[in-house]
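Each remark here refers to the structure printed beneath this line.
A, B and C are the chain letters, set down in written order, and residue numbers restart from 1 in every chain.
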Amino acid sequence: MLVWSRSGRAFVWALFALVFTPVVLGPLAMLVIAAFAGDWNGVLPSTWTTEHFRDATDGTNLDSVVVSIQTALLAAGIALVVGTWTAIAARNAPRPVRRIADAVLHLPVAVPSVVVGLGMLVAFSDGPLLLNGTKWIVIAAHAVLVVAFAYATVSAGLDRTDQAFADVAASLGASPLRVLFRVRLPMLLPSLSAAASLALALSMGEVGATIMVYPADWRTLPVSVFTLTDRGKVLLGSAVTLTLLLATLILLTVVGLLRGKVEDRRSH
Amino acid sequence: MTATATVAAPAPNPDPPSTAPKPGRPHAQKFVNSLWILPPLLLVGGFFLYPLALVVKQSFIAKDGTVGLGVWRETVDSPQFTDALWHTVKIAVLSTAGCLVLGFFLAVVLAFVPFPGARLVSRLVDTILAFPSFLIALAFTFLYGTAGVVNAMADELGAGQPLVGFLYSPWCVIFAEVTFYTPFVMRPLLAAFALVPRDRLQVAASLGAGPWRVVTRILLPEAVPALAAGGSLTLLLTLNEFGIVLFIGAKDVTTLPMLVHAKGAVTFDYPGACVVAVVEVALSLALYGLYRFVFSRTGAARAGVVA
Amino acid sequence: MNAGATKPASAAAPPRPAASVEDAPHIAGAAETAAGTGAGVPAGPTPTTPPAIDITGLTVRYGQVTALEAFDLQVARGETVALLGPSGSGKSTVLKAVAGFLRPTAGRVRLTGRDVTHEAPNKRGIGVVVQNYALFPHMRVADNVAFGLRARRVPRAETARRVAEALEMVGMAGYARRYPRELSGGQQQRVAIARALAIRPPVLLLDEPLSALDAALRADLLGELQRLRADLPDVAIMYVTHDQTEALALADRIAVMRDARLVDLDATDRLYRRPPSEFTAAFLGAANLIPAQVVRDCADGAGDAQARVGALTVPADPARAFRAGETAMLVARPHTLGIEAAGADGTLPATLTGSQWRGATYRLTCLLDEPSGVEVRCDVATMDGVPALGQPVGIRLPADPCVLVPTGTQR
């Protein structure tokens, strides 16, 4: 509907392929190839192996997988609760309070992750709350980094759902708590699951803050990848990255399944 | 919303006692409602605003405990810092420009010159948004490194090794960031293009406009809000980008976040790191303000910009 | 005056179009040779000027779906042809293929003899007005209208003059500085027409241009379109609608479409008065179709044909040749029928089942006793003398012979 001639279209598509292939497909393909490469001196590897992949899911790397998943689940859980709570509470608060909450909750998007990590180090290295050296500093940093996204997603979801439903429920005599759990949250389910997915994905891939604060016994996958590549073990690094992508994919699939299950149960 | 709910509620109630609500009850109600927001705000304050404030405070306290502008003067004057600042801004601006051009082209093709499989490609683009950025950098080392695929291929064709050193140049960082952040521009654009009625383009063509004219006169004006919102978000994210620069590991491409990392986690120069952090945050916040402004003006939230 | 304006046109137009209907392939061939041999010899004695729009064998498929099947139509210079048909019958598809918005699976489109089947829409120079106007929201009215002229690099002064002229033509001269969102639906519609006219197209395609408007505004704009038609004597117009009033008011000829095919094509008044098929009779003017038996062999338009309905034998006007004993449909428009007391001489016995007040008339529904189960609608000016609901009545057929059409759909 834009380019009418057949040759013109062919030209545009060729250009698209020319741009898209190196920009999107190339890097992804490289990663997969590298993860299974044995000897790699030419254009393509001369031998193939699953050794890196086995290494990536074994020993310290397996520990990293578990650490990453635990961190992501905890951080995303905290961010989801805090973000949803604020989004809903902000709606019932007076306008100035609402604007302040909105600004504060959006702010972490604008602050570089390294700075969030630095802040954690500065604030929690001594004093009453000593987090430095524990896994909690990593989890706290991740939670701070993803809470803005969780809040924004849920908030946008609230904008789209009609306040009238909650009002009607209240007029029917439902207590605020009942309105929240029976009307508001169920209607927000799509946004909640989107927020959870986003928070999980972001946390799984986080490097900036983690690399500033991580203690030796709590090394996430991205940090492992960095240490590996820094030591020149790029092929193993690729395999670990691939493991990271797979783990993320599994987490997101589980979130999707959970959402489907809740919706199923509701429709019966 | 709260106001209408609380005011309207008593009105239809036929029960005499409650038709005359206690004066001040709406106020009390409002106050209680406001309290609910305190716990999460306190949490975010304690774990985000408080550390940020400490970072600012720390930047004025030298390692030996003297308070003043000493650390600032020392840090800001260092060539390392000016270099990093310059690199950060240059990389962010050029990457964003690249993302805008590339994202606009790709989105126009996907939306208006669709080919079989175009939907699959759109889905792929969405998936990339969930990937960590360092993945691109890692892949780039295989593609464009000195022993990378492109060099090997050129070598085999007898063209020598054209990309020696490319991997460690700022251009490679820019290229990697364009690669990673283009989907951030494409998503709001595709959302905006989905709302453009197809017959508008058809009528434009029937009036004699060729493809280029339709793109520049019809599509570009429609895309401006989405481009502005996607572009400012990308600028913000590229200013703060750390993973890509870290993983490419070019010695002479230092950006502000890299400097924060080097000072804070490698040499443990907290005050110096804090100074750089404050500058970086100020830069981002200024941009973020702009982004929020554009964002609220164009209603980009509904166009799917919110990541 | 408006209604009168179309009548002479429709009376004048038929000879040529009628011929082109009957011998479509032949004419198309002639036009092709004329264009082929006559190139470069403009003064040459061409037997017929090629039609402004010449569509032959046009077929459009979307995968398994056939949106248009072997469609033929010629539109002469200055002629208006309405494409009429139910939703999904392929009307818009014809227009899109002529405008070049889609590539037909088979068939040709020629504009004054030039084959444009594979030409891009921006090279065809056709004016198009679509249902939702598709005004460019970020341009003022004047810029919208100037869009086509600028694309053609018409000089500035000339552009300004032609924009003013086009806006004048649709009565929107005072609105040049407005944005589309600041206009009402009817005004947007006029701007869309002005924009299409500004490029002075020899062919104008209108796809349900009035369907987004309310009834009163639609009537207004219909009058304007008639005036516009008179102002543009050389422009060939294809007008898509599913509203028969628009088709009757504007068109010289009507093409009736159904299920991706052209089913009937004729001069407007002839198609209305003597519909050739059951479908067209019902679609154009909502005629009653009463099953009848042909009494004796008759030819098309035979003066002495007769048909038997129930116990009644009535004179009929056969739309094609019928054999004695064949079942056919009598076409009777609701306003030509009369309701009388049950058992009145020469009436069809029936039962009154419903009445609906429509202001000027009452719409009565009756069930015929024989053939039983056939519903007949009948418009009467007054309810005086009409029996109560549920009572038997007699239906009087019009004095002029009713048209007799074959049963079933024409395929």
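Note that in this section a contact is a pair of C-beta atoms (placed from the backbone, for glycine too) under 8 Å apart; a residue touches a chain by one contact, two chains touch by 3 or more.
Please read these numbers as outputs of a predicted model, since none were measured by experiment.
Engineer: Quick one: most central chain, C-alpha centroids?
Structural biologist: The chain sitting closest to the overall C-alpha centre is B.
Engineer: By mean C-alpha coordinates, which chain is most distant from chain B?
Structural biologist: It is C whose centre lies farthest from that of chain B.
Engineer: In whole angstrom, how far does the Cα centroid of chain B sit from the Cα centroid of chain C?
Structural biologist: It comes to 56 Å between the two C-alpha centres.
Engineer: For chain A versus chain B, what separation do you get between their C-alpha means, in angstrom?
Structural biologist: 15
Engineer: Could you grab the centroid distance between chain A and chain C? Build each centroid from C-alpha atoms only and quote it in angstrom.
Structural biologist: 59
Engineer: On chain B, where are the residues touching two or more other chains?
Structural biologist: Within chain B, residues 202, 205 contact more than one other chain.
Engineer: Residues of chain C that contact two or more other chains, please.
Structural biologist: In chain C, residues 100-101, 120-122 touch at least two other chains, as defined above.
Engineer: Would you mind listing the residues of chain A that make contact with two or more other chains?
Structural biologist: 1, 4
Engineer: Which of the residues in chain A end up touching chain B in this complex?
Structural biologist: Contacts found on chain A: 1-4, 8-9, 12-13, 15-16, 19-20, 22-24, 26-28, 30-31, 33-34, 41-44, 82-83, 85-86, 89-94, 97, 100-101, 104-124, 140, 143-144, 147, 149, 152-153, 156, 159, 163, 167, 170-171, 197-198, 201, 204-208, 211-212, 222, 225-226, 229-230, 234, 237-238, 241, 244-245, 248, 252.
Engineer: Could you pull out which chain A residues touch chain C in their complex?
Structural biologist: 1, 4-5
Engineer: Using the touch rule from the top, collect the residues of chain B that touch chain A in their complex.
Structural biologist: Per the touch definition, chain B meets chain A at residues 1-2, 5, 9, 30, 33-34, 36-37, 39-41, 43-45, 47-52, 54-55, 58, 102, 105-106, 108-109, 112-113, 115, 121, 124-125, 128, 130-136, 138-143, 147, 149, 152-153, 156, 178-179, 182, 198, 201-202, 205, 211, 214-215, 236, 239-240, 242-243, 246-247, 249, 256-257, 260-261, 264-265, 270, 273-274, 277, 280-281, 284-285, 287-288, 291-292, 301-302, 306-307.
Engineer: Given the complex with chain B, which residues does chain C contribute to the contact?
Structural biologist: 96, 99-101, 120-128, 130-132, 134, 136-138, 147-148, 151-152, 195-196, 199
Engineer: Would you pull the chain C residues touching chain A in the complex into a rising list?
Structural biologist: 100-101, 120-122
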